[in-house]
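Down below is the structure, laid out as structure tokens.
Chains: A, B, C and D, in written order; residue numbering restarts at 1 for each.
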Amino acid sequence: MNIIVCVKRIPKTAEADILIEKDGKDIKRDHLVFALNDWDGYAVREAVLLKEKFEGEVTVITIGPEESKEVLTRCLAMGADRAVRIEGPSSSDGHLIARILAQAIKGQSFDLILTGVQAEDDGWGQVGVALAQILGLPHASIVTHIEIERDKAKVRRELEGGIEELLEVKLPAVLTIQTGINEPKYVSLSAILDAEDKETKEVGMEEIGFSSKGPLDATIDQVSFPPTGKMAEILKGSPEEVVGQLTEIIKKKKG
Amino acid sequence: MKIDPKTFVHDYQLNICIQCGTCTGGCPVKFRSPLNMRRLVRETYLTDNFSSLSKRAELWACTTCSTCSLRCPSGVKNVELIMGIRNFLANKGEIPSTIRDALENTLLQGNPWGRFRDRRADWAKDLGVKIFGEETSETLLYVGCAPSYDPRVQSVSTALVRIFQKAGVDFAILGKKESCCGNEIRRMGEQALFKKLAKDNTALFKKSGVKRIITLSPHCFNAFKNEYPDLNIPVQHYTQVLADLIGGGKLHLSKGLGISATYHDPCFLGKQNKVFDEPRKILASLPGCDFIEMERSRERSLCCEGGGGRMWAEGGTEGKRNGEIRIREAVALGAKTLATACPFCLLTFEDSVKTSGLAEQIVIKDIAELVVETMG
Amino acid sequence: MNEIFILVEHRQGQIRDLTYEMLGLGENLANQQGISFTAILLGHDVKNFAEDLATRVPKVLVVEDENLKNFNSILYQKALSSLISKHQPCLLLMGHSAFGMDLAPSLSVEMDFPLATDCIGLLFEGGRLKATRSIYGGKVNANISLRESKEYIATIRPGIFSPKMPGEKKGGIVMEASPLQGAVDLKKFIEYIEAPITGEDITQAEILISVGQGIGGPEHIPLFEELAKNLGGTISCSRPVVDRNWLPKERQVGISGKTVKPKIYIAVGISGAFQHVTAMRGSDTIIAINKDPRAPIFGVADYGIVDDFQNVIPVLKEKIKG
Amino acid sequence: MKQIGVYICHCGTNIAATVDCEELVRFSSTLPGVKIARDYRYLCSDPGQDLITKDIRNLSLDRVVIAACSPRMHEATFRNLLSDAGINPYLLNIANIREQCSWVHQDRQKATEKARHILRAAVARVLGHEALKTRKFGIQPSTMVVGAGIAGIQAALNIASGGMKVTLIEKAPFIGGHMAQLDKTFPTLDCSSCIFTPKTVEVTRSRQIELLVSSEVTEVTGFVGNFKAKIRKNPTYVDFARCTGCGDCVEACVLKKGVPSEFEEGMSRRRAIYIPFPQAVPLKAVIDRESCLLLSKGKCKKTCVEACKAGAIDFDQKEEVIEKEVGSIIIATGYDPFDPHLLPQYGYGVYDNIITGLQFERLSSPSGPNRGEILLKDGTVPRAIAFLHCIGSRDENANLHCSRICCMASMKQAHLAKEKTGAEIYEFYIDINAFGKGYQEFYKRVREEGIFFIRGKGSEIFKRGGRLVVAAEDTLLGTPLEIPVDMVVLGTGLTARRDADKVAQTFGISRSADGFFMEAHPKLRPVATQVDGVFLAGCCQSPKDIPDTVAQASAAAAEVMSLLAKGEIEVEPTVATIDPELCAGCKLCIEICPHSAIEFLEAKGISSVNEALCKGCGACTAICPNKAARQNHFTHTQVLAEVEELVG
């Protein structure tokens, strides 16, 4: 079973101080650390698990500048066999990304394409499904479980309200992977150092035959901090005092 | 890099174990987990199924306090064995998720909690502390992760800065450029990451022109002193520096505390690095501080369970925590303050004070905090 | 400019709340542009839905087909593209939900419409659609412009917009012929799977103690269970806690978990991602305990404690007991 | 024309398995001067020796090379053979093809090649050998025994009973050593003082024994048969000739609080003037400089002087140096018990009622501070007692060696404790070392008495709820334990004396890795040292129990007597000489000689070797810039001929 996984390098912002660039069109990135998109990590791990079960090869692809190589190295350390970096913009335009990926993937032999449900940074959540449409493949998004039965995949998708749906998708297909689908494995630094020796294929847009560069579907006009709404009343004092107030509140509200 | 468990027998001297049980007998988690160090040595020596042995949850119960290794009559490297097995697991990627997070965070953000790198020196913002790169000094105050980020421990960092400033100690910190020392990283099994941190930190210290290092945490102290291969810069724990300052009359301690205090020896300061006297000297010199010695002190101190990655490990133990036992011992002694000199001890005791419901009866303080209180 | 389409989202015999929210948004946009808005109802045996919707919209377009009984992106896409081609709406709204996310990107590629996903604000400006999206984990809002187009698709974040309530006027119900020719092979719906509730049902609880990743590790769970017991409440959690197997899925509060409305909701070590907040903001009283004073959870909570839970919970546990 | 016989020993398969002996025979035959070459299974056997003797006679050989084991093994054997066969024994050369070849190699071809080199060198060297004559010296028929514990006393008594003079020197003011401190002895439970006192008394009665207490040997020169020793006699400030041992002075001493008694292992206190214990030999009072107020601070009312009716106290007593000439020396300086302060985990010195084995002996002794009652510090009877084995023994952090006696001592003490207190008794052990006669039987008996044996080493001791807690693991169950007890007895091991290094230097002997004095050969010469005429007895050589100590002491005495009985000794002729023609009088040799055997003849302006003192170490020949110093049997020509062939 040959699997292609599309991944993205993203800035980690959960713990970071966010500053906005002068032009107001993006956040400042210089001081941020970058990593493999969390959802993509689950996708790569899932691909490797499937490979271990059914044999085959896992190829990871990313679009981005030189620095993106580090996430490919990580994927190789996770057990991917081949890595391809397409020199290009780390654009947020999902349609553009999907078209470039489709061009790169076209003509390759694969049984499955996995992507993360969405990226941690801009959260569009569209590349996987769009890619399927361009390649003319069936897809399933927000997948939490995969079972392969010959030329079909039985997959579970996560719906709202704690419910899942079970689907049958014909292979080859594109699945977008939800977090929690598997137990991530620690990627040791020595595995990463070993993976650095493995080759990453680097290709330009022209090499994959991608040229059409029409207007972007979406452009950012301005980013801003969300307005702060009402804030909670913060209880102050020593833990004992705080708990004292809290107990009163609980008593009152419990009715 | 592959780890071959077959080399463990040789690397950790498992074949010379005489199965006397000294290790297990003195283990601080012997009643709290199924970890039996003696049996582990024997089983590792004999096993033909190492991978199943390595999956036991109790391997993460070890606090790496090193009581076993220090007392072993045969020189078996028990703690190194634990770290070796953890290293084996880390390289296979099969480590508990909380440990995984801590290691990944360290690689990414330079601290196991995954707190933002740039915010590392926020605690020092308004203290007028010199930062290498902007200003220079021969003395590095290496702050460490917990003292940089944890609000409870930040108060120790702040206290120490105030003391040094008052005593006229010229020093600087690394600010955002400071990274985890790797002591706990090595103990969680990530030897390669430890090596990288050691290499990068050493290079940074040298580039910054550091001639002397003072650490807040005994864990950093241990790493720099014993485990950094090419450092060659003298390292002191802050208690050693404070004892000198007080001894040399550089600090005017005037305000009476009016407390009775006892002291808990951190394993990485006491047992492992034999710094027993300086903290006691400091406590004895504080005005209005009645120092009481604990029954289990110095080499017989009971590990608080904060080391060896236990700050990040989940479970593996049950029953009453050593932290609680320690607090109860201190209360029974009549101490109103339990002093220590390690961020992990401080945090575990702060927890235990609450879980044991003894918050009314005893407070946990770092020695630096007590010193600052007497400065008036 | 033509009308605005709103794709009705329904599942297991119920219209989902998000549909009404989209109708509210659709009406506003339509009013601004002086155009009409239409609910698109795809399904099987959905007459009652159509009746309901007709009390809220001027027009309901219905495609009845037994193959549309359950959501299937391929079939929905076929039905929709045929309707769009016929009616050429200026904008199609769908939920940023498991259905919308499975459908909008492929439809937009097929039709070559610009797509804006997960929108928390939408408006037309000079014929161009502009959207507001929440990015970087909710830390920043981005105002974006979509390229010029006659037709757009946007998916809408749940819980943002006010729902459209039934009105006096009754809209028309228009039945459209189904363009589908039977089921498809490529993708088949099989069944819904609902994790059986093995413990207490968190949706029924009056008091919920909800824990997040911030509690550090599963070894602290018993502490919260004890607290819950002392309080007469139930323990619940956020998504990362489930992803890490610290608690079972049935305890998860969030869009992908349960929506809860207890009398008292105590969130501990939960930062407050919108997926979580959306599912608990209906609680009567929300109390948040978090080390980080900047955690978004304090934006929805009524009362907050900025401290390590370990300083508070054990004391609270004892106090409640006594 | 020189006629060499070369003999290759197979040493069974020790050599033959790795080295091709037949090839060596063939090879040897081609070497210059070789008349005959043969191989044989065991050359050291009678038929082997006969073979060589016959060849010497029949073929008129005048030199012999034996290719076999190390010369340390059999050089003497074959020298005797040469002597008996009528040629000078120094015309022999041993080629070591066992320790330096067959035992350390595996590749037969390469080993044989190496053996060829060794053999070729040996033959080249023997060509230059010269006939040498051994020297003979007279012997002083007297012995100095250093240390008057059971070992020294036993040796002294044996020699004295043989009619020879003994000077018995003891550092302490009394004799008896550690055995005098013991209560009962294992496994027979004899009362130690009952069996020992007769011996100590006999020492004072013997006319052959001169006893010097409070004395130390400070310098030894000379050589076997003719040692000169300087002995420092420290002042006791009491004239032993006058002192009656009445004890009035002790009562009078103003130092009422006293200092810890050495003999009682600190379990009770003594005054500044004191009689170590009631059965002390000699039974004299002594004054301890350190604690005496007059001697340490210069201020005292001298109440002791007033109290002494015999007028024995003499504060003017000075240190004395006594010189002795003796033919042989026995060192019996004993051991120090391991100091458990060094292993802080056992809380020794932190808590009351944690005591060492020796302290227990005093506690249990009827003449001890409690008159034999085993009581806690507060005077109550312990309900539970733990005995911890291997404290300071078999431990990388203390001493690696097994102290041998502690298992038995500990079990004996456990027996006594059980008998006297009825307490619950726990023995924490790693292995039980019951190696001696009747020891295993004693072990069984103690087990039968209901003592709990826990197989696990005590890990630490702390206090909880007012009681001592021993933490350990029951390794047979795999269960960690914390057992509360009232008293802990640490089975402290035996270590070399703190001053062992100084003593070793004084006598020119060496120490093994464990710090104890080194015997000449661990199996075959366990009593002798590398210094001829200096012997070892008792625990100064290694830990041992009383029977072994007594046996070794008797053996040392026997060695001494067989040495002294000869009346004269032969000394190897491999000494250095200095060619007066070549000597430039630079004195470098005098500086370097470790035995002070070279003197400078002022009149002639040259150096000269005193052959009686020269040990043949070769230092002078190496340093002499003029090659004036020359050592018999190791001449430049001999050594260079050998080296040339080895490297060639």
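Basically, a contact is a pair of C-beta atoms (placed from the backbone, for glycine too) under 8 Å apart; a residue touches a chain by one contact, two chains touch by 3 or more.
Just so you know, these numbers come straight off a predicted model, no measurement behind them.
Between the chains A-C lie more C-beta contact pairs than between any other two chains.
Centres computed as Cα averages put chain B at a distance of 47 Å from chain D. Per-chain Cα centroids separate chain A from chain B by 37 Å. Per-chain Cα centroids separate chain A from chain C by 20 Å.
Shown for chain B are the residues that touch two or more other chains, namely 97, 354, 359. Of all residues in chain C, those touching 2 or more other chains are 311, 315, listed in ascending order. Per the contact rule defined earlier, chains pair up in contact as A-B, A-C, B-C, B-D.
Chain A meets chain B in the complex at residues 12, 15-17, 31, 33, 35, 183-191, 193-194, 239-240.
Partner chain D is touched in their complex by these residues of chain B: 18-27, 30-31, 36, 38-39, 70-75, 295-296, 298-300. By the touch rule above, chain B contacts chain A in their complex via residues 1, 90-91, 93-95, 97, 99-100, 103-104, 107-109, 114-119, 190-193, 196, 354, 359. Against chain B, the residues of chain C that register as touching in their complex are 216-219, 223, 244, 291, 308, 310-311, 314-315, 318.
The residues of chain C lying in touch with chain A in their complex are 11, 16, 70-71, 73-74, 96-98, 101-110, 114-118, 130-131, 133-148, 158, 185-195, 206-207, 231, 239, 242-243, 245, 249-250, 252, 255-259, 263-264, 271, 284-288, 293, 298-307, 311-312, 315-316, 319-320.
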